[in-house]
Amino acid sequence: MPDDVGMTAAVQLFPTCIGDVVAQQTATDAERVLDALGIDHHRPSATTCCGQPAYNSGHDGPARAVAKATLKALDDGSDLPILVPSGSCTSMVRLHWRELFHGTPEAEAATRIARRVRELSSYLAEHTDALRELKPSLAVRVGYHDSCHMLRELRIKEAPREVLQTVAGLELVELDSSERCCGFGGTFSGRYPDVSVAMADTKIDDMVAAKIDVLVSSDPGCLMQLAGRMSRQGTPVRAVHLATLMAEALA
Amino acid sequence: MSATREDVGGTPLPPGWAKPAHQPDAFELTTTTFAERAAKTMARPFARGAIANATDHAAALTTARFVGTDHEALREEARKIRAHAIANLPDYLDQWIDQAERKGTIVHYAADESEARRIVAQICTDQQITRVVKSKSMASEEVSLNSALEAVGVDIYETDLGEFVVQAMGDRPGHVIAPILHRTKDEVHELFSAMAGHELPNEAEALTAFAREGLRHAFLTADAGISGGNFLIAETGDVLLVTNEGNGRLTTSLPPIHIALVGIEKVLPRRRDLAVLLPLLTGHGTGQQITTYVSVSAGPRRQGEPDGPEQMHVVLLDAGRSALLGGEFEEALHCIRCGACQNVCPVYRQVGGHAYGWVYGGPIGAVLTPLFRGQEEAGELAQATTLCGACDDVCPVKIPLHDLLLNLRRRSDAEGHVPRHEQVAFALWAQVWSRPLLYRASTAVARGSLRALARNGVVSAKSPLLRRWTAGRDLVVGKRPR
Amino acid sequence: MTDRASFLAAIRSTPRGLDPGLPDRREAPDAPTQLRAGEERPDRLQAEAEAASTIVHRVTAVDVGATVASVLVQADAQRIALTTDLAPFADDVQAALVAAGLTVTDYVEVAPDRARAGALDATVTGCIAAVAATGSVVTSAAGAGRAGALIAPTHICVVRDEQIVGGLHELFDGDALAEAGSLFALQSGPSRSADIEKVLILGVHGPGNVHLIIVAPD
């Protein structure tokens, strides 16, 4: 068991590997939102990655080796919720770790952790009354992108919208293509860059047509894809994580 | 061929109108990569737009069709029927054969593609068949049937309007339901005008009329009709065929011989199962309540019937299907070829059916092709998806396509079909990221390098490691200036 | 050559997959192809048929002949064939067509010669059933023949009220198909294609002009 357990924490936060490398702001912003809500939080120091890049490429061995490190870091003997600011990583831990660790000494712990992980927006959606009392406010026109694993594996669709709607002045627009894949697909984005970018473009065309200021999503992978393409094209739409938008609205 | 045979109505098509059929080994799968094939379609902006529009349209019609009904319960019922039929496939096939033979159907058995070609060519030779009308059949595409018939001197007329265009162009169908989804009216206009020898009006109606006249003549003179089959009904020995144009029924009614080539997995236990499967096939295929024509036949014309073929042959096709029984890919056999997964697939939407290199495109193509053609030749297709799961949610018989694709990736890994550099990369990755200290060091290095590369929080340099990302995208690592 | 025994033996030699059992028909779920509560069969049949571009006529038995004649005059049909399943109305129809100056043949006579069948302008058939929820008429090889309903540019089908079933379950569970012969077929409106840029064209290989005459009970 790691020695850095936050004894007073109410929730743990798993920043994910994309969070550690390119999207550090996401976990920081998630913490700011939790702070505003008065929810104690703690980041276990030894987490790495959930193993998804290898798992979804069919390489279960490497996936298991990496996921095991994160499993050990998260399995602190508590039953605190583990918040993950990524639908995709949540779905990996919650739904696929059991299969990945089936028949290994970690099987039991994997089941334990699977029960504890929560996708961030679905956790925040349980605190919308408290959020409203904090009077978050931001005058922006927002579109939401449903990330695939969050929508179709975790079946979370309304929660992030409920959270966004606590923000005064925020206008939430339903995009026609909100449920269509952005083209990231993990290793797919590198294997087939042209197809991947073309997929992003159809989403971006839709955002531009809907005249939104900000695209919000709950998956750093999708955001990396969409923000990266929009940056290259000079598209005047920001792509941010829900945690970032909420932190800005609460600031 | 006597002069009177030709003098029947309709207008004969000019000699040589059809391009030579594709040879069995001529699939692009063997010579090109997915990315290369995808690039071809993506280089044609109209084709991309047309594919996107047509698939969005079809997907919307499907959604609308089931509003106000318990769609989920219907899909679950269909899943059970298909799973039961496939789990008991030998018994139901046995029953179907008994019933079909009792009604005078001549049943043939094709263990593989080449045997299917041989059987149908042999029937044509034996029965002196020189002209065949064909109703759309994906099974015949699988076995490259047309080339085998050409080799024994048979003229083939594909009678589905889309397939007719495909045949005249020497193309391949781009979608299981809508074969020329990727073609424009202008292309068809140019093609048909050249066939007619004069400029036709550039309108769908006139172009359709031209095809109808040519094919009407073929229907009235053909020696045999060749079709596929959408279902086989075990309890009655029926072969079921759905079409909208009516070409399926004319193919199986007018010529003196009907030959159907049908995959063994198409079997259903009972006619009443059609009450569940038929609305799902048509609702998910075209969004229709029912297709215009549903034809259910068992055996040749009987005494006292005014029309119909004197012989009915059914060629049962295995060609890789039985090998899937009882294994982790068995559910791929539940497929009823409705095309719904193609219509919702965000990858198919960009690249179209040809990118998949063989007969079936989209998610089911990415599953069936590696299973039927082998991992070596087609394993790559399972990588050509983002695993977004939209196909799972739309499949009328609830095939877990996402899981099957993932299992194919696993199989690639287990059987050593993964490129060496990828294996090394993941092994190295696991070595580093399974150790929190090394992980922290590596992410710190990555962050530092990205910061060094970044200008205003954005990495766009085409450095070798990031090349495949930064060719079309930036990497946004800080707050982007507003 | 693979024979039946070796073909099936190869399939039988594979492991057996999971069998959920055949679902219980009594709990069959709702499909769009079923009659909804409170719907009258002829009304739903008319609505669905019209939605599929069929022209529907609702008449009593005495008006069948005149209705057929007026449709065929309007269509300018010269070569007209009747199929044997028109039986209850055949004499009336024949008389009405003759009165309208039209000549009529029996499909049974024409059908053996494909060229003659292919040259027909119109066919008039009965049916073995109609399916209200799909707007379909069900014909049989024994009655309308395999191609009788779609060989000519105009098809008129006459259905009696008591032949209408609610939906597909009722069709397949009932006995309407028992004497169909070597084929039964559902047709729902004109032949159609949208292969060229999604533009809907009626009357491709089958009829573009399809009429359904629903005969009210006496």
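By letter and in written order, the chains are A, B and C; residue numbering begins at 1 in each of them.
The rule we apply is simple: a residue touches a chain if its C-beta (ideal position, glycine included) is under 8 Å from a C-beta of that chain, and two chains touch if they have at least 3 such contacts.
Quick caveat: nothing in here was measured; it's all calculated off a predicted structure.
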#### Entry: Shortest path length from chain A to chain C (each step joins two touching chains)
2
### Message
For this structure, I'd like the pair of chains sharing the most C-beta contacts.
### Response
B-C
### Summary
So the chain most remote from chain A by C-alpha centre is C
## Note on the structure
Averaging C-alpha coordinates per chain, one finds the centres of chain A and chain C separated by a number of Å equal to 55
### Message
Just the number, please: Cα centre separation of chain B and chain C in whole Å.
### Response
29
### Query
Roughly how far is chain A from chain B, going centre to centre by Cα mean, in whole Å?
36
#### Entry: Residues of chain B whose C-beta touches two or more other chains
none
### Message
Applying the document's contact rule, which stretches of chain B touch chain C when the two form their complex?
### Response
7-10, 50, 53-54, 57, 65-66, 69-70, 73-74, 76-77, 79-81, 83-84, 86-90, 93-94, 97, 103, 107, 109-111, 115, 119, 159-162, 165, 178-180, 184-185, 188, 204-205, 207-208, 211-212, 215-216, 219-221, 244-247, 249-250, 252-254, 264, 269-272, 274-276, 278-279, 283, 289-302, 304-308, 316, 318, 322-323, 325-327, 330
### Query
Tell me, which parts of chain B touch chain A in their complex?
34-35, 38-39, 42, 48, 52, 346-347, 349-351, 382-390, 392-393, 406, 408-413, 418, 422-423, 426-427, 429-430, 433-436, 439, 443, 446-447, 450, 458, 460, 468-469, 471-477, 479-480, 482
### Query
Which residues of chain A touch chain B in their complex?
17, 20-22, 24-25, 45-49, 53-54, 56-63, 65-66, 68-69, 73, 148-149, 152-153, 179-181, 183-200, 202, 224-225, 227-229, 231-232, 238
### Query
Quick one: in the complex, what on chain C touches chain B?
1-4, 6-8, 10-12, 14-23, 25, 28-33, 48, 51-52, 83-84, 107-108, 111-112, 114-115, 117-119, 133-136, 141-142, 145-148, 150-151, 167-169, 171-173, 177, 181-199, 201, 203-207
